[in-house]
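Two complexes are shown next, each including subunit A; its partner changes from subunit B in the first to subunit C in the second.
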Partner chain A sequence: MTGLADLALLYRAQFKITIAGQLQYRGSLLLWMLGLVLQPVIYLAVWGAVARSNGGSVDGYTDRQFAAYFLATMLVNHATFTWIAWEFEYRVRHGALSPLLLRPAHPIHKDIADNLTFKLLTLAVALPATALLALAFRPVAAITPATAVAFVPALLLAIALRFAIEWTLALAAFWTTRVEPLNRLYYVFALFLSGQAVPLALLPAPVRLVADALPFRWTIAFPVELLLGRLSPSRMIVGLVAQAAWLAVAVVLLRLVWARGIRRYGAVGA
Partner chain B sequence: MASAIAPSPPAPAPCGPLTAPVPGGSPEPALRVRDLTKIYVVPEREGGLVASLRSLVRRRQRAVTAVDGISFDVAAGEIVGFLGPNGAGKTTTLKMLSGLLYPTSGEMAVLGHVPSQREKPFLRQITLVMGQRNQLQWDIPVIDSFELNRAIYGIPLADYRSSLSELDDLLDLDDLLRKPVRNLSLGERMKCEIAAALLHRPRMLFLDEPTLGLDVTAQRRIRGFIRDYADRHDATVLLTSHYMADVEALAKRVIVIHHGRLLFDGALAELVERFSPHKTIAVDLDRSVAGLDRYGEVVASEDYRAVLRVPKADAARTTARLLADLPVVDLTISDPPIDEVIDRVFSGGRATAGDEPPPAAEAVPA
Partner chain C sequence: MTFLRLFWLHVRLGLLHELQYRANLAIQLAESLLSLAGALIGLAFVFSKTETLAGWRPAELLAIVGVYFLVGGATRVVVQPSLTRFMEDIRLGTLDYTLTKPVDAQVLASVRQIEIWKGIDLLLGGGLVAVALARLDRAIGPLEAISFGLALVAGVVIVYSFLLILATCAFWLVRLQNIFVIFQSMYEAGRWPVGIYPPWLRTALTFLVPVGFAITVPAEGIVGRLAWPTLAGAGALAVALPLLARRFWLVGVRHYSGASA
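Up next is the complex of A and B:
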């Protein structure tokens, strides 16, 4: 086992590298952020219009509550998203995984460090963008100090859970050279069942049941609803436990799949 | 009289340092490989839409044997040249030895570890340098990548500094360290790659074409560096190269593989001996002479000078005839260039894997 102090050193060094690397690409970083901000604006425009034409609200969401929902969703999505599936496909196809495998540290540490660094870096854009959008759409929500405090562990668990799921999924690259269709399938499921495109409360009952049984909602909808004061204390607790349980499952799966996948690595070219 | 004979030992002792390991004997080798085999399973598909659709339903796969049951040992501190044409299985072997690839079957022990388990103590002691593959981060100064490696390998600061100054000494890195990698020339980058790969002072070096694409000066430099490093740290080196000069300069022992099989394992000189049935005789004459092809195959000739190739067994006799018949000013007998020998080994292929020298083939690919 790598000692904790060693890991801290490793993360610090990786942070520096990633920041230096990312800052070389400020332009593409900004474009990326623009995409991030545009997506909720579109949902917001659509659902706001639906709410207004529906006499002010849809299933308990007014247009300004939609605004709160989609802005919070944007932030949580920003905090939890990963690009690991694309990166992993490249690594496996081009042998770029090899240098990482030679290091006496699990490759996942680099990815965690990269991801966190990128998130911290882009916060500088995401927060002002949220503030501007808030001015434009005037969201309302029942955020209290209690929900704000409970939001912290919920968000952290969501970040860890989504990372573990997507890292595991990315390992499919060891078995097939075409992970693109799989990624798309996952993305579509996640888009709807995580509450990104629609608040889950608006979905038909059977679909809601499916969403409950799958891990997606725990990565986005749950922390969002919790923050906005839409959950009772008991449902908050149940949610946090569910997040932790799914995380445990995902981590076990990740280890298993990694151990099997790495045997198939062809180290092409490199 | 008697005293002159008495002190001499009864049998020649196995002299010299630990070079070629004795099978079954002596200390634990740094590297131990037994029946190592790697079979890749690759999807097989013809071009075209129909074939693509068919492959959706039933995928055809083909097994390709890249490494086919090779065995060898390398003693600690040895530098071994690993030779073979493209696709012979050299790189695959190096990747298995460094823990990147799982072998299909067979056993390996590197410094007492099983590479495919990729234990941290193992990874800390080895390095793999591949020709064009960058460990270095493209967009940032070299020194930052070095710092990252310091953190990854947990190198204490004092060791890091002495390692860095030693590498700087040998490779002359000073001006390069502050430059982003993308601004370096190929040779400069290679020097930095090698330095990055050695910061943690590995005891086992796997070098895959470390001089690929470099000019002659840079090649010589890297070569000298590898030798110095191995000496200083008693490191074991297994290196592949297309440049025979690398191998000649560094390795006393070579392992030749072809089609994944071990073709030869022994001293470089022995390789030449075994696989080259010819000697080269160069003669300088004090006047131009016709009909030299009576003495052997004329490889080159100009005014007063000629190079002949003769069967090894005839070399002495031919030399005597040349000296007797012709106005010879100077004469040298040598083995053919190593490149030529290697060419011959590979074009001979599997057939020559036995102990017998290959039948003296006429057609030698130029």
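Up next is the complex of A and C:
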């Protein structure tokens, strides 16, 4: 078994490998960032136009409050997104999972380290991009020191939760090599129910109920609304508890699905 | 003529290839329907809060989504797969085999890979445009039909030229596979009328990445708000951009030295 000291060593090594690997392709790194910035800008423009054609605001959002909402969404989405579904399909299809299985640590550690390193690296682009967009769209929000402090655990839980969900979903590659439709389905749900396309407060009541019952909301919308001072203290606490509960469920599910999936894995060339 | 024969040959090849993997049809159908659902749900939410978006009514926006699927489908059937393969050929050095064939290399590189099932997007787009017309409840005159047709052809030509310019960059940059993924996210901006964007972004989406000319303008054609100067502008761009792309391509080919050289 691997102890904590071994894991720390593993993460340090993986950080170095990922940084070296990513820095080779600075150009594609920048292109990826462009893609990440564009989507929130589109929805910001759409909802800003809706607010303006409604005489200035919709359901408590003016166009400059929409700007704050979507810029915060962009940052939280950047912090939480993963690309593991595509990576895992490749691993299973090409047998690239086999060498990872031979290592003495669970393959998930490589992915966690990979993901964190990429995020830290791209923060150098994401933050200036946010600052530029803030100059262009002039957001307003009621961010206070208290919401900023509470934002930290909410964001960390959101990162862990989304990673656990998407890692589990990626394991579908053990059962089918055609994971694209499943990914699309997940993406459509996540787009609307995690608050990426529209603040959840603007959804019709029945859809909002569905959003409350599913985990998507806790991966993006909750930390964003919390940061922007749109939640009462009691709803902040309830939200953090809900995030922790969903995380526990997701981790149990992850272990179960991994244990069953790995038995089905017959590597190409193995 | 050569172009049409080549194109037809590759359509048949693509069909033969895809018929081996019939499950791909179901997969593609699922993917297309899901992205259609995503687009329609977005529209439904927007119009649950407002009557018009930057002056566009719901049925008119449906027409924009229809054109978005039509132009996007047209490029995803032929242009994107072919140019993706072309960039891969540069990376591997196998472009030598394309260049030595006795037809124009640009033509060959643009039509040689066809993904026939992506044509579903064309059907969906056509259907959406028809539904939009029915819901607009207005008869479309021959003049409007012609201007829509012209604007649509211009739109496809503009997007093709733009993608060719992007792909040609691979002669210098080599590792560019995800450039079309990025293009896709810019193209998604075209699902909404360019009028909703702030001026700097609208200018970029009209002249830098010309999705405004490719999608908003043909849609204006169907809903009867296309002004002649705009159509003339789209026509001019549809002539100028391919010429520019062609020059750039020729420079790129001259730069290519093969992988073994």
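We take it that the second predicted complex is superposed on the first by the 268 of 270 C-alpha atoms of A that agree within 3 Å, B and C clash if a C-alpha of one lies under 4 Å from a C-alpha of the other, contacts with A are read in each partner's own complex, and residues count from 1 in each chain.
Note that a residue touches a chain if its C-beta (ideal position, glycine included) is under 8 Å from a C-beta of that chain, and two chains touch if they have at least 3 such contacts.
Everything numeric in this text was worked out from a predicted model, so none of it was measured.
When the two structures are aligned on the shared chain, A:102 is found in touch with subunit B, with no touch to subunit C.
In the superposed model, A:266 makes contact with subunit B only, not with subunit C. Judged by the touch definition given at the top, the superposed model places A:16 against subunit B, while subunit C stays out of reach.
In the superposition on chain A, A:6 makes contact with subunit B only, not with subunit C.
Taking subunit A as the reference, the larger set of touched residues comes from C, when subunit B and subunit C are compared.
Of the two partner chains, neither subunit B nor subunit C is touched by A:234. Within subunit A, no residue touches subunit B in one complex and subunit C in the other.
Residues of subunit A that touch subunit C in their complex: 25, 27-28, 31-32, 34-35, 38-39, 41-42, 45-50, 53-54, 58-59, 136-137, 178, 180-181, 184-185, 187-188, 191-192, 197-198, 202-204.
Put simply, subunit A touches subunit B in their complex at residues 2, 6, 9-10, 12-14, 16-17, 20-21, 24, 95, 98-99, 101-105, 262-267, 270. Per the touch definition, subunit B reaches subunit A in the complex via residues 40, 95, 98-102, 116, 118, 120-121, 123-124, 126-128, 130, 133-135, 137, 139-140, 144-145, 147-148, 150-154.
The residues of subunit C lying in touch with subunit A in their complex are 23, 27, 30-31, 34-35, 37-38, 41-42, 45-46, 48-54, 173, 175-176, 178-179, 181-182, 185-186, 188-189, 191-192, 196-198, 200-201.
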